[in-house]
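Two complexes, one shared chain (subunit A), two partners (subunit B, subunit C).
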Partner chain A sequence: MTRTAAPELRQRTAVAQAQARDRRHRITVWSLRAAAVLLVLVTWEAVAASVGENLLPRTWSVLSEGVPALVSEGYAAEFGSTLIRMTIGFAIACAVALPLGALLGASRFWADVLTPYAYGIYMAPRPALLPLLILTFGAGATFGIVMVLLFAVFFPLINTAKGVSDVVNGPLYEMSRSLQISRLRTLSSVLVPGSLPYVIAGIRLGLGMAFNGILLAELWTAYSTGGLLQAMISYHQLPEYFAFAGLIALTAVGSYSLLGVFERRLRRRRGMAVTGVFGEAA
Partner chain B sequence: MTTLSATSARPRWRGWRVVRILLAVLFFFLVWEAYGRTGRALAVPPFTEVWSELSTLMASGDLVSPTLGTTAVALAGFLIAAVLGSILGLLIGLFPVFREVIGPWVSGAYATPMTMFIPIIGMYFGLGIGSQVFLVVTFCIFSVLMNTAEGVQAVPAQYYDLARSIGISKVRRVLRIIVPFALPYLFVGLRISVASAFAGAITAELLLATDDLGLMMMMASGNFQFVKLAALTFYVAVLGFVAVGLVYALEKLVSRRLHAA
Partner chain C sequence: MPAVDHVDHRWLDADPSAQHGSASVGDAAGEGTQDYVKLVGINKAFAHRRQNRQILDDVSFSVRKGEFCAIVGASGCGKSSILRIVAGLLRSDSGSVSVAGRPITGPSPDVGLVFQQFNLLPWKTVEENIMFGLESLKLPKDVKRERCRHWMTVVGLADWSGLYPHQLSGGMQQRVSLARTMAREPSLVLLDEPFGALDALTRRFLQQEVARLWQEGSRTGILVTHDIEEGLLLADRIFVMSANPGRIAATVEVPFAHPRDEALQATAEFAQMKEHIWHLLTAELSRNSPFVRTRNDPNSGA
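Then we have the complex of A and B:
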């Protein structure tokens, strides 16, 4: 009796030990994370106190003056309109990037034809187009949308291509071909689900570029959010500036993280490896 | 960045690929020329006009010092980002504590649109080379950092086991196993960030402290010299390609050396 129970018992204690170790590790990590946040806040306060509020506002000023101004001065609403323009530009970018990316990943011919364009648009310093594009599109809403398109198109395109190419060269696709499963069925049950995690990764990275593109365009033309950011610095409204920057950062980081969570869940469900420290990063 | 594998394994003449790529590029210039000749868009003069303007500019020697200036800003920021990024990336890749505590800050900073800090960078660093270089660093540090961390993480566990069983020191383990393994990843990061470095330098010269190539572009635009502006824009794009090409060549060189060793 005892002979058979002993290994089981040992196994159970080993599991319990591992769980305890895991719990200890998690507690350490979370307390270190909290400490890091605290450290940043304390450093901020210390620097603000030593350089003076006209260079760096205290956190309390940002919260008590800056944050209410986001609503009362209509800054948040202005950023909302910027977000709408960004979304339009990004939707166009995706509408271009996803079909072209699929084509690029599925066909060798189109890979040769489209790759120079994809990398060309990525390697060229896109901000250099600011002075030229403003001549064509003027200093209004369209200008920002076009910049977003140029900034954001690369990542969804190249990641879709990678996802589709992986599926097309993989065993499932070959099997569905040899079993003569209809093209539509192959598309809906092999190609789309297999490449979706990559597509989402592309959208996540592209969205980050879209934020950069719209802000750059609006800073260049002093339009909407960009104009406000510049005015806040010119008139030395630093609490407002930091609150506004915080709002923008929160929106960008929030959407990026949400897409990341969605992507990881998809990958897990598909039995794909959830690799990397930063996911399918740059 | 991803490399795409060929879809079919059929053997064929490799030259076709080159021909197709060249034709695709040629197509771009033909469309540009044709659209330019219609004269519909002020900002798109025909390629031939842009080219002759660019050759005149190059022959005049007016481009030399602005090119050096812009390249210096891009290079300074790139080098700082490469050193800081690879060290931080190595730390994040090597130590789980770093990864779990610093990692979220890095992801957050990466997702934050750095362009919104342009006005305040100008205020803090002044409208000079300092702020320009700082902006370039924020543009390119993340791809180096993240790719390096990825590379260190990708070292298979067996290698560590082997190293431990042979009993080599920690320093040698880093130098002999981790660095060679992570190097290709680091180079991917460097290639991406050299492109970002030029983008950052041009952004800085347009929006922060107007100078060098950015200044030339602004002046061309202000004086309604649209052909000159288009020529400069094309020139800057070519500079970006050349820079990426140089890093790519360096990568080939280093990896050949490494394999030979």
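Then we have the complex of A and C:
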């Protein structure tokens, strides 16, 4: 009995020790992250105390005056309408980027023809196009949507191209061909699952760019959320301003993290290297 | 003088076409013992921008039905390209390939390919990967399931059917890959360095498994390897390839009876055969590279 129990016990102990090490690592990481937030808050308080609330409101003022105003003054609702425009622009960007990226990844000919233009979109100084775009689309909702499209299209496009190219020129596609699997089945069983982690990573990066695009557009034209932010600064409503900016930042980070959770699940199921929600080692 | 001149040439047939070229492609529609697989004058070059490279130059050989042949050559000599051409995955620039008398124009259910890197779908389980291999065959679903179960048992993975590839060792993954190909019951199995990515112990174990499978069924097989011992343990004939461009430099008949085990590896005959093929390979390498010299080459200074 003891002869069989001893190795099992050793195994259990080894596993428990490894789990404890992993737990300690996670606790340390999260503690340091929390400490960093605390450090920022303490620094904020110290700076606010020294420069005065006219330049930087205390954190308590932001929480007690700014946060309730988000709802009572309708700022959050306005931000909601901005998010809807951003979502429309981002959906259009994905609708353009994913099929085009798939084409670039699957066809060497089209990759040779179109890749310089894809990188051109990324490298071009997009803010320089702002006056032209306002002239063309006006200073309203359409302009914001076009800006999101221009800002967000690159990463889903390039990542999809990379994912599809890796599969099409890789061993799994050749294996599928050698087994005479139909094109449709190869698409659903090999191409889509194989390239999906790349596509999701591209969508995550594109989402960050979409937030940048919509905010730049609305700040430039003082429209909706951008207009509110400018007004808060003009009327010196600093607690409201910081609460609103915090809401925007939390929404961006939250949506990025949600996609990160989805990407992690996909990667884990495929036996691929898994990183944390923010791309850190996990 | 290259060392090849000092070895016993009794197994050497330096002109492969002289031995196998006499049988025609249409000989009993290729179903007879001669020329089950026949390659005639295969040429292949790759061109990308300004870099042109001829991979294969006038490659001709044939494999009899039920025979297991090995292609041995240095890395980059084009041996895997030959397999891909026979598998219908790559087109030759000129020449012809036929299996069972039928010209190869694309992948065929008669030809199965086992890859070096296993090429399992990471998002499918062991069972699903083997079933994936059967998808294109027009068979009733229960027959496919039965074949899948049978081959999982044959390769010893029946208890692991629900696991994903990343939960398996390299040897187990290669057994899944082998089962996926064998479950299709192809008449010709091509093995592209199937043990190249495995450790020595697992490699030896799987070599024995493959040898056992070949003894149990009358399959025709072509193995690509750079391991001479592996070729000698498994093959009835070995084609020695030269590089730049790839050519069949010599054909060697392996005289040992099956099954071949560790005891055979310890014999003088086995060592002599290994030495013989090694000399053929190094002679070819020294002819193509200024950096490689064989032992008896007076210019080598050895």
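In this section, the second predicted complex is superposed on the first by the 243 of 282 C-alpha atoms of A that agree within 3 Å, B and C clash if a C-alpha of one lies under 4 Å from a C-alpha of the other, contacts with A are read in each partner's own complex, and residues count from 1 in each chain.
Following the convention adopted for this analysis, a residue touches a chain if its C-beta (ideal position, glycine included) is under 8 Å from a C-beta of that chain, and two chains touch if they have at least 3 such contacts.
What you see is a predicted model, and the numbers here were worked out from it, not measured in a lab.
**Student:** Of the partners subunit B and subunit C, which touch A:P7 in the superposed model: first, second, both, neither?
**Tutor:** neither
**Student:** Mind working out whether A:T115 is in touch with subunit B, subunit C, both or neither, as first, second, both or neither?
**Tutor:** The first partner, subunit B, only.
**Student:** For A:V168, decide between first (touching subunit B), second (touching subunit C), both and neither.
**Tutor:** In the superposition, A:V168 touches subunit B alone.
**Student:** Looking at the overlay, what does A:L179 touch: subunit B (first), subunit C (second), both, or neither?
**Tutor:** second
**Student:** Tell me which touches more residues of subunit A here: subunit C or subunit B.
**Tutor:** B
**Student:** Where on subunit A does subunit B make contact in their complex?
**Tutor:** 28-29, 32-33, 36, 55, 104-109, 111-117, 120, 122-136, 158-159, 161-162, 165, 168-169, 208, 211-212, 215-216, 219-220, 229-230, 232-234, 241, 245, 248-249, 252-253, 256-257, 276-278, 281-282
**Student:** Name, in rising order, each residue of subunit C that touches subunit A in their complex.
**Tutor:** Contact set of subunit C toward subunit A: 87-89, 107-109, 112-113, 115, 117, 119, 121-124, 132-133, 135-136, 164-167, 180, 184.
**Student:** Residue numbers of subunit B touching subunit A in their complex, please.
**Tutor:** Touch residues, subunit B against subunit A: 1-2, 4-8, 17, 20-21, 23-25, 28, 41-44, 92-93, 97, 99-108, 110-120, 122-124, 142-143, 146-147, 149-150, 153, 189, 192, 195, 198-199, 201-203, 206-207, 217-218, 220-221, 226, 229-230, 232-233, 236-237, 239-241, 244.
**Student:** Provide the residue numbers of subunit A that touch subunit C in the complex, in ascending order.
**Tutor:** Those in contact with subunit C are residues 171-172, 174-175, 177-182, 185, 189-190, 193, 269-272.
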